[in-house]
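In what follows, a structure is listed as structure tokens, so that the remarks can point back to it.
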Amino acid sequence: MNPAKLRLSEGARRDLTLAVLALALFLAVTMAYPDFAKPANLAGLLDDTAILIMLALGQMLVILVRGIDLSIAANLALCGMLAALFNRALPEAGILPVLVLSLVSGAVLGAVNGLLVWKLTLPPIVVTLGTMSVYRGAIYLLSRGAWVNENEMTREFLGFTRATFLGASTLSWLALSFAALFIVGLGRLRLARDLYAAGGNPEAAAYAGIDTGRMQFIAYTICGAIAGLCGYLWVARFAVAYTDIALGFELQVIAACLIGGVAIAGGKGSAFGVLIGCLFIGIIRSSLPLVGVSAFWQMFINGLVILLAVLLSARSRMFNRVILEAPRA
Amino acid sequence: MPIDTAPCLTLSGVRKSFGAARALERVALELRAGSVTALIGENGAGKSTLVKILSGVHQPDEGEIRLDGKAIRIADPVSARRLGIAVVHQECMVFDNLDVAENLFVNAQPTARGFVRWRDLRARAAAVLRDLDADFDASTPVSHLSIAQKHVVQIARALVDDTRVLILDEPTASLSQRECTELFRIVNKLRESGCALLFISHKFEEIFEIADHYAVFRDGSSVGAGLISDVTHDELIRLMVGRPVAQLFPKLETTPGAELLRVERLSRAGEFEDISFSLRRGEIVGIYGLVGAGRTELAQVLFGINRADAGSFTLARDAAAAGIALVPEDRQSQGAVLAFSVAANIALPNLAELAPRGMCSERAETDLARQWIDKLDIKAQGPKQAVHSLSGGNQQKVVIAKWLARKPCVLILDEPTKGIDVGAKAAVHAVTSEFVNNGNGVLMISSDLPEILGMSDRVLVMRRGRLRGEFTRAQATSELLLRAASGA
Amino acid sequence: MKTTSFLRWESMLAVVIVLEFVLFSNISPYFLSVDTLSDASFNFTERSLVALPLALLIIAGEIDISVAAIIALASVAMGLGAARGFGTPYLVLFGLGTGLIAGMINGALVTVGRVPSIVATIGTMTLFRGAAYAVLGDRVLKEYPESFAAFGQGYLAGPVSNELMLFVVFAVVFAVFLHRTRWGRVVYAIGANPVASRFAGVAVNRYRFALFALTGLFSGLAAVLLTSRLGSTRPSIAQGWELEIISIVILGGVSVWGGKGSIAGVVLAALVFGLVTFGLGLMNIPGIVMSIFIGLLLILVVAVPAILNRR
């Protein structure tokens, strides 16, 4: 057997299977409802899925180094509120400072998670569960519980995400560029390869001179920055900021990563897989009304897809076991 | 052999303590280019601390390390690598989620402006593997390799960095005979290319086969060094132990009694096939074979961890209630709950007897533990001491104690003395002998030929999942067993 | 030495509780009345009843993220039963049964399907909550018989509510089970080293399955109490409770790495949680602010030992 082919069969085969499934689903829906493939509908689908894609890419980095970020949605909400308040206070400042502010504030919140995990080696699930609560509470203190409404936002603030280019919104283009950036970066950047190594075997990584804690810090910071940016994007897209936006979204983001083939044990996952996983969810979501199924079924179907995906990958792990090899020396 | 070259790496007066515990005390060591130095010592003699100092994980409290006459400081693993010092770890420090080529270049990828130059990396990886005559491809995922091949990956990683000093930390501990031969071929190749090698091993045959020099550690100090051609086996043991050792293999002659366990045509897919044998009271049956021959898997089916696909095994009617106990191969992850105390570990398989109505009694547990601490001479401060703070040999005694306390009639020992020191080894053998003298039976899986030959009344040999030979104590010799095990 | 560090954490929790008492009774004159405190207990009893089996599950090295979704599903089952005219005993049976079955599904995924528990229960969380939405949509079920209200609104004696009594009884039962029986000992052993436990003859997967089923059953019980107290079922019922319940368990000093923790800690953590919620409510500070406090405590519970161990 050609070993090069064998290598492709690891993660790439999973990504391909998922892509084929997503495509098949897409074609099936299109056959029955030709309107589904209309550019306007596709643009809407992408626009709906864009924020999920970006957040899932960030979350993937964290899971790759054996972490998890439960605070991602709270981070988003806090940075979104910051952006909205900033825009209200300084409406003439324009869009650039808003973007910088949300990116930087998100990065700082992510870095707090990263520092606690790195410097004190605390369990990631507890740290981010804690910061999740703290960040949510902070939104309330910041806004005193009040909403920032559409009429308090500038046209520029609201318009940025909605402007279209070649039929797709800025939001969609942003998500696609992030995906492209991640696909290229994770495959080719040295830092990214070290991230995979650290997640695959932290002890061996230490001997190779990689500080796994530092890698986790970097992953959390990038994830935080993405969450921060998405905070502004979310607020601008839905034209409202309040304490509870994106409540519970962290678990949907993690679920998207799982469907996209990211291994919760670390070291395995690809940006392409995550992109396809998110699109898969998006296709289901936007086809439900066409097929005449109530949108309330969306979550149930997502649950089925997640369980199917993880059960299948658990199966394949079981059968991959090397015959007549000692379990572990 | 270029034996008299000047030392390339020298350590002198190196000391290291962890809190109150002294790990190394005035250690001296010389490694020469183009030669293999064997480092010998009992567990706890300070070998692993030394490896950690040389690989930059720990810093010595005192003392000097010189490379080519210049004093150096190995601040961290990266600077060890930069200085040309590499370690092949016993526990396979590789990345299962990456392919071979990437493994060789982790944190050392050839880059252009931060981007990995994959073509360059793959070409260099392939060249290194070609140099080593490796039997696998650079693009193979490491998760598909055997343990022996993973060791080769670690060596290849060292070669990528122009390594001048290579430390092999018990590389053969879990390799088969054939894989060892392959490893030695590579070691010889490295020696010829002028590398200074430090070879850590418990196996004397290997040391005499491969090493040019030796160095012996005892209780954290260097107690001897010289040319391997100037010493004998016995002299090395004396240096290593520093005291007379209780007789190893105190096997008493017993006359085997009635049949205790009968195994008939037992099979489990992909693990072993068509295994039939019987075990009698008062008998120790050794099971010899290479790693991966299916011995551990057989033991796990007999104990009940896994089910057989076909065939059966039955205990004699008067023994069925007492049952079969298993002391597993890996005491750290399978044998003991390290975070638990000695008492809690011994109680664990005996809870049904200690707490018949479900309610635990601390008193009953400590009493039981005290009894076994005395009986097996477990060196612990008391029943409450956590098992992780005991030495390897004493941990093993705890694992054996917890099963003996259940009074089984068949005890399966899987590599019972792997990695424990000579004193503890003798104690384990003595307990085993006493156990069979009381009319019980023992199945002893071991890769240690002298142990198998010394302890067994009968030896079964397994290869590739099947029984390939049966020898009485009188018939069995190293050559016969090896031949049956390797299929030569 | 490990026990002493636990005791230290539990006494820290006790100190926090005393401080809360002092603080809140100074701020509000109504705080220290028996009736008020009795009202306050509803803030934690339902969540804490789930926290008890979940503590065992986490000590055994697993986790269940789906508890709140199970509550929702069980509540929907009861609501549908009530709409068809089933009596109170049947409704309770539906609630408990749905919880038990949901817990068994989790257990089967982890033991038979060999899916890591965090992954499996994120999946079932989505599935169960999704089923609740799929069945109900934006409807509300509220045709509960009058006698059904007794569970969540009734009082056993004086100010002691049925819920509080249930919590106290089960806290004692769980404490005895975990700390005094051999089965409790095995739970710790599985959490500390599942492989070695299996090699010590423990039927590890049977324990895991039973613990997931137990957690499901208690989620069903919480659903009975919560639904009875609210008198209505929406698919969003108990939204976000999973993280609050896990917070109570971890706040109680249970290690997410498994093998460590005590019921006393969990009970104290539940009190801290309940008092903060209630005290801030008295001061007209919304619950969301107290989440800052809970979040900081949560980080503190793992950070303090980590900092101490460095030295």
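The letters A, B and C name the chains in turn, as written, and every chain counts its residues from 1.
Just so it is clear, a contact is a pair of C-beta atoms (placed from the backbone, for glycine too) under 8 Å apart; a residue touches a chain by one contact, two chains touch by 3 or more.
Please read all numbers here as calculations on a predicted model, not as lab measurements.
Graph distance from subunit A to subunit B, where chains that touch are one step apart, equals 1. Looking at B-C and A-C side by side, the one with more C-beta contacts is A-C.
Among the remaining chains, B is positioned farthest from subunit C, on the basis of C-alpha centroids.
Put simply, the C-alpha centre of subunit B and that of subunit C have 45 angstrom between them. The distance from the centre of subunit A to the centre of subunit C, with each centre set as the mean of the Cα atoms, comes to 29 Å.
Multi-chain contact residues of subunit A (touching two or more other chains) are absent. The residues of subunit B that reach two or more other chains are 333, listed in rising order. Subunit B makes touch with subunit A in their complex at residues 55, 57, 76-78, 81, 87, 89, 91-99, 102, 106-109, 111, 114-116, 118, 136-137, 139-141, 143-144, 146-147, 173-174, 270-271, 291-294, 296-297, 329-330, 333, 464-465. Looking at the complex, you find that subunit C touches subunit A at residues 63, 65, 109, 113-116, 118-120, 122-131, 133-134, 136-138, 235, 239-240, 243, 246-247, 250, 256-257, 286, 288-299, 301-303, 306-307.
Looking at the complex, you find that subunit B touches subunit C at residues 303-305, 326, 328, 333-340, 344, 347-349, 351-352, 354-355, 358-360, 386, 402. By the touch criterion given at the top, residues 2, 180-186, 188-189, 192-193, 195-202, 259 of subunit C touch subunit B in their complex. Residue ranges on subunit A touching subunit B, taken from their complex, read 3-4, 6-7, 10, 188-191, 193-194, 196-197, 199-201, 203-210, 267-268, 320, 322-329.
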